[in-house]
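Each structure below appears as structure tokens.
One chain, chain A, appears in both complexes that follow, with chain B as partner in the first and chain C in the second.
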Partner chain A sequence: MSKDLILEINNFSLSFIINKQEINAVNDVSLKVEKGEIVGLVGESGCGKSLTALSIVNLAPQNSFVVQGEIKIHDENVLKFTSKQWNERRGNDFSIIFQEPMTALDPLVKIGNQIKQTIVIHNKEFKKDKIKLKQMIIDMLISVQLKDPELIYNSYPHQLSGGMRQRVLIALALINNPCLLVADEATTALDVSVQKQVLNILSTMNKDRNLSILFISHDLGIVKNFCDRIYVMYAGAIVESGKANDLIENPIHPYTKGLISSIPSFSKRGSTLSTIKGNVPTLLKRTNTGCPFVERCLISKKICLSEKVPQQNYNNRSLYCHLIDLEKSIKEKYDE
Partner chain B sequence: MNKYLKNRNFIIGFIFLSIILILAFGGLFFKPYNPSQIDIANKLQGFSRQHILGTDHLGRDILSRLMVGSTISLEIGFFVVLFGALIGIPIGAIAGYYGGKIDEIIMKLIDTLMSFPGVLIALMLIAVFNVSLSIIILALVLIALPKFARISRSGFYKYRESPFVLATKARGASSFRIMLFHILPHLVPSLMVTASLTFATAIISEAGLSYLGLGIQPPTPSFGKMVSEAQSYILQDPLYVFIPTLAITILVLGFNLIGDGIQDISEKDKNNE
Partner chain C sequence: MHFFRRKLLSTLITLFLVSVLTFSIFQMLPGDPATLILGIDAQPSQIEALRATMDLDKNPVVRYTLWATKALQGDLGVSYKYQRPVSELIFSSINITAQLATLSFLISLLIGIPIGILLAKRDKKRVIIPLSMFSQLGMAIPSFCVAIILIEIFSVKLHVLPSLGYIPIGDSLIGNIRSLLLPSLSIATGGAAIIIRFLRSNIISEKNKDYVRTNRSIGLSENQILYTHILRNSLIPVLTIFGILISDVLGGSIIIENVFSLPGIGKLITSSITSRDLPLIQALVMYLSIIVIITNMIVDMLYGVIDPRIRMSGNE
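Coming up: the complex of A and B.
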């Protein structure tokens, strides 16, 4: 196993118990993040992206349980952690940023104090050195490009704008120099220009600190330029993965193709925007017998309904589709 | 602080409470007469220069008796709220924060406690042990505790999966830390309202018990006891029964108004957020 592997998820499945019924939500997901790599995880809403992210930090909802698989950070299976180990590692070795910057800060605690707590929880030795502590926080606030760090240090969350809060959250997540950052739709709630700035901060951090990022998003445009590799997720399962540029420019799996052709762009102006018909099947309707995408796929065959899809390697891609031999037919159908 | 001074309920409640507080604290340093000194010759005097609020059926000075009675009422209210909150809030916090089976078990027990009428618990305890101030306080704490537990449970349940709590967890904060520093501060307004209402209820309950002869024992004066003694003389000297009744009313109304005031203010704060 490579030493540079930071995060490794192997055959991970997660289910919910709802009305005493087991309902599968994440199905046999495997992914890898190497040191200093930015990895994208994309898919429609309800595909299990966020659940996968929450499982990495053990914050999946209480009525869910792990069916199989392992999540390894630095070669340690985190699913076996005790709650004490979790508290030591979360926010220290690995961090998460949530989608909603407006609600992820405690409204009654000043920004400076929230960051201070995060440092002191993990590094007790700083507790006494108040001047150094404050200097660390101010430096961090500057490095996430916040102007007036002194002012922000003494502000309450409601006094800041969405973009500022998201930067504060990045500062909070990175203050203890973690090796892995899980960004769960971190830029989705921000407007386009702020989004750009936040992405710049993240990529600077990635370069300066050799930080690995698992970037979860449904915005393929961002993911293409920002990430090194991409995993495409559908209905709880990975359907395709590969190098970012290659995957976006030359998608093979019908779902990826559908996603990419539904990105609005200037060149498609005037013509009808293509969409993938239908919706992600609800948790109750998922069968896990055949290909998860079969219902909405334009080229599905009998085999797709009944047989579990094997992983196949194809042109530097890892792909879950019965029909890659028919690549041409996929192309024709979707390029019409 | 300014917003409290603008709230009418809070101000009136505060003034009412101040009257009793002045009586109680004043009584610690100066009493016009010994509250237990009997002077049959001067009984049921009504207002006069020697006895500002008159004398009772044994000629004891009513003002002095009120002063001692108010200290006892406040003492009981204070300890009932203190212990009710100290025990009830953590119980509710554990139930609400952890949820599931723990929640069910704890809340069933609390509901059981709640289903006993308050006076029944007090009677039972007094029948088993002898009447004393601490037994009365214990009985009233048992009545007050479920209220604190319920309010705290609902608050912790509401916040335990809110995004900022999840985010704080993801930064490595322990459950204890989250409960104490991140959830509890959000519940302060509603717990303060509960505290002030519980204070009022405790005082009423103590007065009720004393009226029945199960509370504070003579010769120590208490509001309830004074009312029960005075009621036989209601035709001869209506002022005698009126004064301790008024004292109870002022004290209880004061706490209730303060509770209402805090509730108004915290709701206004919430709307402004």
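Coming up: the complex of A and C.
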């Protein structure tokens, strides 16, 4: 591939130590984000999406550890970073925004000063230039579409609404012009109209600054229109990935199918909304043999229980399902 | 500033109520002051005359007003025992107690804050267990016990610090600090121990807050986060303790001034109580309440200085 790879995760696995027992939470995840691309990572709660996201910026919980794999940003394996390197790069080369905008800012420090601190720790040369600093911050606040940036600059977090705070957090994350933004359920806690505004800001940033975004969400409706490509995650593993529109229109993996048929829509009015039966297995109940989705899959076969699922390419998709072979052979037979 | 004006007003009201309360309590004490001064054998006419000069024949509201106006002008009456104006007596001892209180407050901050931070930063058991045992001990041992231990070590064994007496600042600055060091240390131990415990647990709980995660995500180092964000947030609950600490220091000084023979307010209180010197006791009680109320007002205002949410509440 000739395109610029910004983020590349290869065979990444993460485990927890709980009661002296090693428990696997993220299993053999590989994904790529190219320059200027918006990539979605979707799945139910507890699928390991956020853990993967947090691992990219080294903020995974302290009782977790990397089992295998590498996370490369700009071809550098970040898992080998020292804490000093992390501090130099976070908020500078790559940033993250979180789900909870209400509590994510220091309540005692003015917005302007919090952003100022972020600039100054990465760019010592601006420390003296107060006028320039302020201008940079005001410009940033304008570009995240905050009205009255002067007022916001001098406000404390408690004076702002949730949507305003999330914009401030985006400003904080992007002030140093990073090449990658990880958005961990960044719009989940916001109401629908604010959600849309925040997505607008992110997509403007994506176009204007050629910013790559890894967008983690459980809302397939948003992901479909917002992302270029999607990875679907289930129980710590990626099960399907492909172009956003295509994947949502014709899901192949039984889990993706289940997820998509449970999105409410006008065409399904009056009928009972379908759901995927059961829950994501808790960490303690997961097995590493066979397909992770086997327990909830409607069409599972014997092979799904016992054998590890290989990665396969099919119709421009990357898939992890035993039954693809079956479907392939059926198709081949019919085509003949 | 709205918030600060409101605090000031409520402080003034509290001061007024305290003065009424103090005055009434001493009015309710059994025994007639005039009889107390002249003795039981005195002529009724003599007692009547003294009651008139002491305004005891007037009604309580008038007497309160008279007492309060005089007190505001600095006239707190004359001590029965010393036959000197109460204000003069307080004025000559206040110096020592103020120095003692300031020094012990500073010492408890200087010991408490760094150790509290250190304990919150390190989670190594071999550092934490001895230090938290020390802070438990510090809270449990009363100040006069600490005083005895300190005298035993620094005065009796090592001969480096005096065990009693006060040297005024005017005579020698070093001598002054030397004479106050042991008493202040004895009072400060408990305060330091409390600060250590509270600060440590606050810092540890602040560390799990979302804003700390944000700070990590933008590239601040753990130390930068601790000193520019966590510490300020952790100090808000600790401020409450500062208020309590000041009253503790004043209470502690009553005992400690006696242990170290320092002629301060504490010494004055004990002697005025044993000699039933009513005007003096009344003034001292009033004086101590004022200090406690004012320090609490300062603590409340500091909340506002540190926390914009408190400062701005009521403005919106």
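In the analysis below, the second predicted complex is superposed on the first by the 321 of 336 C-alpha atoms of A that agree within 3 Å, B and C clash if a C-alpha of one lies under 4 Å from a C-alpha of the other, contacts with A are read in each partner's own complex, and residues count from 1 in each chain.
As a working rule, a contact is a pair of C-beta atoms (placed from the backbone, for glycine too) under 8 Å apart; a residue touches a chain by one contact, two chains touch by 3 or more.
All values derive from a computational prediction rather than experimental measurement.
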**Q.** Overlay on chain A: chain C relative to chain B, clash or fit
**A.** clash
Q.
Tell me the contact category for A:Gln62 with respect to chain B and chain C: first, second, both or neither.
A. first
Q.
Quick one: is A:Asn27 in contact with chain B, with chain C, with both, or with neither? Answer first, second, both or neither.
A. neither
Q. So, A:Thr103: does it touch chain B (first), chain C (second), both, or neither?
A. both
(Q) Touch test for A:Thr187: chain B only (first), chain C only (second), both, or neither? (A) neither
(Q) With both complexes overlaid on chain A, does A:Ser95 touch chain B (first), chain C (second), both or neither? (A) both
Q: Using the touch definition from the top, say if A:Tyr156 reaches chain B (first), chain C (second), both or neither.
A: second
Q) Do any residues of chain A touch both chain B and chain C, and if so, which are they? A) 57, 59, 83, 86-92, 95-96, 98, 100, 103-109, 117-118, 121-122, 158, 169, 172-173
(Q) For the complex, give me every residue of chain A touching chain C. (A) 57, 59, 83-84, 86-92, 95-96, 98, 100, 103-109, 117-118, 121-122, 156, 158-159, 169, 172-173
(Q) List the residues on chain C that touch chain A in their complex, please. (A) 209-211, 213-222, 224, 228-229, 232-233, 306-309, 312
Q: Would you pull the chain A residues touching chain B in the complex into a rising list?
A: 57, 59, 61-62, 83, 86-92, 95-96, 98, 100, 103-109, 117-118, 121-122, 158, 169, 172-173
**Q.** chain A-touching residues of chain B, taken from the complex the two chains share
**A.** 99-100, 161-164, 166-175, 177, 181-182, 185-186, 273
